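Shared between the two complexes below is chain A, which has chain B as its partner in the first and chain C in the second.
What follows is the complex of A and B.
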């Protein structure tokens, strides 16, 4: 009862600082994201998705911007359009007409409305068929909103495969010829199939800067012959957009949301665990050293001094290079390298003062053991003063983890913020202008640091009242 | 043999300037339920003597030797761990000198006072807190104070809490090291009265260490005067306050104002003897008005009536 009252009192005095309120709100949001992530996407699933390679992500565009970007951009970027004959979709029809005993004719028509101001990034047609001896033969047509019908390809649909329209050299050449014929001169650039199939066919098509897509209803018509009675064919047309999801995608078509979401609980737990355990262990070492004195003090202090002269980051990098560590082993290594840190020195100085306080002497007189004195009398005495610096040191370890990931030394499996930055960096994101790819994880990192900093600074004002006057 | 008997007790500290003879061959005895007042000026070894009795020694001890018999058991032969388990707080407890600062600031007073019981494992938490309440009413603290933190208590209350803590395990001997030194006179009187009551009702043996002669007169059955690490006089209280024997005791009494009658207050010339390399012979000799040639030899303990005095004046 009284302790809950005291907690409320404490929160009241804390939240009179707006910075504390802001920091807490940021941290609460991050914690909420973490909880949601851990529940909604189990870790195994997340790592599986992140490691799965192209197959799972085949329907996603590469390097797509987050879809909310459309609200801010003057040109409306295309979303991904997927038309699948196995699914019952509006605009997709598949008719099979028997032609005699064995053979049958199949007509697939897929239509969609294209209302965007930019061309799609890629077009793929995936097909799947079953047959015993002779595979179905397909002819693929493209019809644009003006009714121009173009034969794209003759296709033998064997088992499972894909027709990558975007990399069809023949189609490219054909479109180029078509433009030349129509306007009497070569276009000033290579017309890719995406542009050729979606562009407005007027003078603008001759220049890359002016060409724009024709809005309206597009159709893909596939006519084919099935040679066997049991034979069937299904196709999936994917017109890849230039925006995707909450966070966009990377060069491997992966949805960045997964790594951004999972980065949150990993960063928080990594930072908090590291900061907390290092501070507590340092404090225990310092208390033992100060209280027992003599030889124990000598040994602990010499170990600390030696450890302080060993450069932290190079050692850590060396260990991380030799043993490809997962993130929790990395955490343990960081803790192990830091517990004999400078904190031992500062805490010891405080404990040396506390050691001679009368109440410690009194405790000794009524028979309190060394352990009891250290944990019950000495450590609680300095605990309030170190809480602010403890909170402030959390981002250090969040950044450290990200830094290691950027150096390529992070956990090879876990999706983290640092990992995204690493991927973006090695894929030349900034060079190619994929700013969102770098900015998203960086913003989250900065936000985390900001949250802890705002809270820590306000806690400092409460626990060290002398700061308030400054 | 008496209830508590101390024989030839020595405690030397190692310091940078040399060996400090804090307790230098002290012997005395107390009967059960009696109170001994240990009087002396600052730095004469009173507190060191108290620390010897409860074996609360600093790190720089050079010599710690002698015999302390409690009920016939030689405490000096116990190991540190045994001493902690058997003697501390079960037999001998202490109210430390800086009692006002002797409470852990981060623990509630009630729990702090219960600590000895919990440490020695003689009671569960609830029983211990129950005992604390009992003790609080005995020493005159409202029971609600169990839930308070030390900074919420006044000096007198904190002092009472420390006394409650000293009494909580029903020890036979309680050492009071300057129990009232930082308190106002009214609170002093209250606490001394409370101690008197406890002594009468519970038969606790008190060793009262003080530099305040008038406070000591409230409680003491016997008075020991310490000077330069030695007990120079040990008398029954009545005799002592009426007619002290040792020149130092006489000078001490002469420096205290009295209620009745005109009194010319005296002081002792010179400064207290250094306990590092103390002089041979009588340690008070340099300041003594009765200095004789013999005084450069160490005086023996001489029996005068019921008193012991360490002075050549009384040698036959």
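What follows is the complex of A and C.
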């Protein structure tokens, strides 16, 4: 009863400080995200998704902005449009008409409404067919809202494959010629298939700055011949947009949401485990050193001094390079390198004072063991005073993980915030203007740091009253 | 202090051991696998051959002698800066000696991070003193409010600053030491280097000015409540003299200690900051070596970092002795 009352009292005094309240709210949100993530996306699934090659993410655009950006941008950027004949979709029809005994004719029509102010980033057509000897022959047409029909390609649909419209040189040349014929001069830039297929065909198409997409209903018509009775063909048209999901995508079309979400529990558990275990082990070492004194004290103090002159980060990098650690082994190494840190010195000084307190003498006189004195009388005495610095040191380790990831030494599998930043850095996001890619993980890192800092500083004021008036 | 260095290097020797062995095994493996003469050997025979050559090599290098004996060799080697040869990396002059590679990079690191630390030290000292004398003023409150900023490390602000000033506004360079191509005129060269130093310095100032000022301020506040300060005030001494003689002087030793600690931690923070700003210093070297698995360079850099650390501690101990008459040699 009294302890719960005391806890309430403590919380009351803590939340007097608005900063403590803000910090706690931030941390609670982060914890909530972590719990949601761990339950919603199991770790194996997350790492599988993050590791897997392009195949999983083939339907995602590359380097797409987050979707909600459309709310703020004057130009409405396109979403990804997927039309698939295997799915029962509005606007997709597939008719197979028999032509005699063996052969049949297939007509696939896929229509969609394009109402965006920017061109798609890519267009791909995936196909899949089954046959025994002769593969289906397809002719692909494109019809724009004005009714202009364009033959794109003759295609032999063998098994499984894709027609990448965006990298079709022939199509590009054809579109270029078409514009030249229509306006009597060359356009001032290379007309890519995305622009050529979606642009408004008037004077604006001649300049890259002015060209804009024609809004309305587009159609892709595929006519083909199946040579065998059992033969069938299915296609999937993907018109890649420039926005995707909550967080956008990276250069490998991966959905950043996964790494951002999973980064949260990893960052929190990494930071908290490191800070907590280092503080506790340091304290135990300091207590043992101060209580036993003599030779033990001498040895422990010398180890601490030596350890303090080892360059921490370079050594950590060296170990990480040579042993290719995953994130949890890395955590252990960090703890091992830090337990003989400067904290041992400060705590020891405090313990030396406590050592001569009367209640310790009392404990000794009734025959309490060394272990009992250290763990039940000495450590609990200074435990409260280290809580603020413990909370304040959590962000250090969160950023340490990010720093190692940016140096390319993070966990090879786990998706973390630092790795997103590393990917973005390596892919030149800063030069190419993919700012969202760096800002999103950075923002989460800042939030985490801020949460712990605000809470820690308020705790500091409560536990060290001398600071209160300051 | 010499004891420090000795113990430290011996400690480095401990790590180096296993690493070198692994490296030899790797090299021999590569050699055997690439040698056309051994191409037709069955894998089991090949493994045997590798093992045999490995044992020979170990013996040749004296790696089979007890560690205690060898650690002295390592110590000597490290002390004389005999750091071996790099596997992949070369210095700009084309040398493969780790020592040359590192010596080439060291000035850039030292230039940037001593500048940062000195600026940081002076600003926080002045500002801290000013704030402590005007306790409760707006500036004072501002410093207290902004101190949580330093829960985020300097390199991280670096990313954000690059984002703002280089990528968006395009008024400052993304990183590097000088413009490409470097200007011929030494003055312009210096100006270009300065321009490239703005963002790294700024990022560290944002990260650490406020917390350091805050710490100094609290410290000065404690000392300005001493009796002798009040006495001096009562005597009617001008505030400048009070600040200098009665507050600054007695607080100097702990401040120097603090400075040395931040300088040390800045050597560490330097690695990642250099990576962010592509600053061609020791940190970038270590990063590149880590990427290419160039172990002699990695080990060499770590040894040099250890040296930097020890030298910093050593120099500041000397300064300490100058500032604080109580610790001067011969006076007990």
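The definition used in the following text is that the second predicted complex is superposed on the first by the 470 of 470 C-alpha atoms of A that agree within 3 Å, B and C clash if a C-alpha of one lies under 4 Å from a C-alpha of the other, contacts with A are read in each partner's own complex, and residues count from 1 in each chain.
Definition applied: contacts are C-beta pairs under 8 Å (C-beta built on N, C-alpha and C of every residue); 3 or more make two chains touch, one makes a residue touch a chain.
This is a predicted model, so every value here is computed, not measured.
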For A:377, using the defined touch cut-off, is the partner it touches chain B, chain C, both, or neither? Pick first, second, both or neither.
first
Name the contact category of A:359: first (chain B only), second (chain C only), both, or neither.
first
Taking the superposition on A as described, I'd like to know which of chain B and chain C A:303 touches: first, second, both or neither.
neither
First (chain B), second (chain C), both or neither: which does A:367 touch?
first
Identify which of chain B and chain C touches the larger number of residues of chain A.
C
Check whether A:433 is in contact with chain B, with chain C, with both or with neither, and answer first, second, both or neither.
second
Touch test for A:312: chain B only (first), chain C only (second), both, or neither?
second
Where does A:409 make contact in the superposed view: on chain B (first), on chain C (second), on both, or on neither?
second
Using the superposition on A, tell me which residues of chain A are in contact with chain B and, in the other complex, with chain C.
none
Spell out the part of chain B that touches chain A in their complex, as residue ranges.
54, 56, 59, 84-85, 88-89, 93-94, 96-99, 101-107, 115-116, 119-120, 147, 162, 165
Which residues of chain C touch chain A in their complex?
4, 7-8, 11, 15, 19, 22, 144, 147-148, 151-153, 155-156, 159-160, 162-163, 166-168, 174, 218, 221, 267-269, 271-272, 275-276, 286-287, 290-291, 293, 295, 298-299, 301-302, 305-306, 308-310, 313
Under the stated contact criterion, what part of chain A meets chain C in this complex?
19, 305-306, 309-315, 317-322, 392, 395-396, 399, 402-403, 406-409, 421, 425, 430-431, 433, 435, 438-439, 442, 445-446, 449-450, 452-454, 456-457, 467, 470
Touching residues (chain side chain A, partner chain B) in the complex
2, 293-294, 357-359, 361-369, 372, 376-377, 380-381, 383
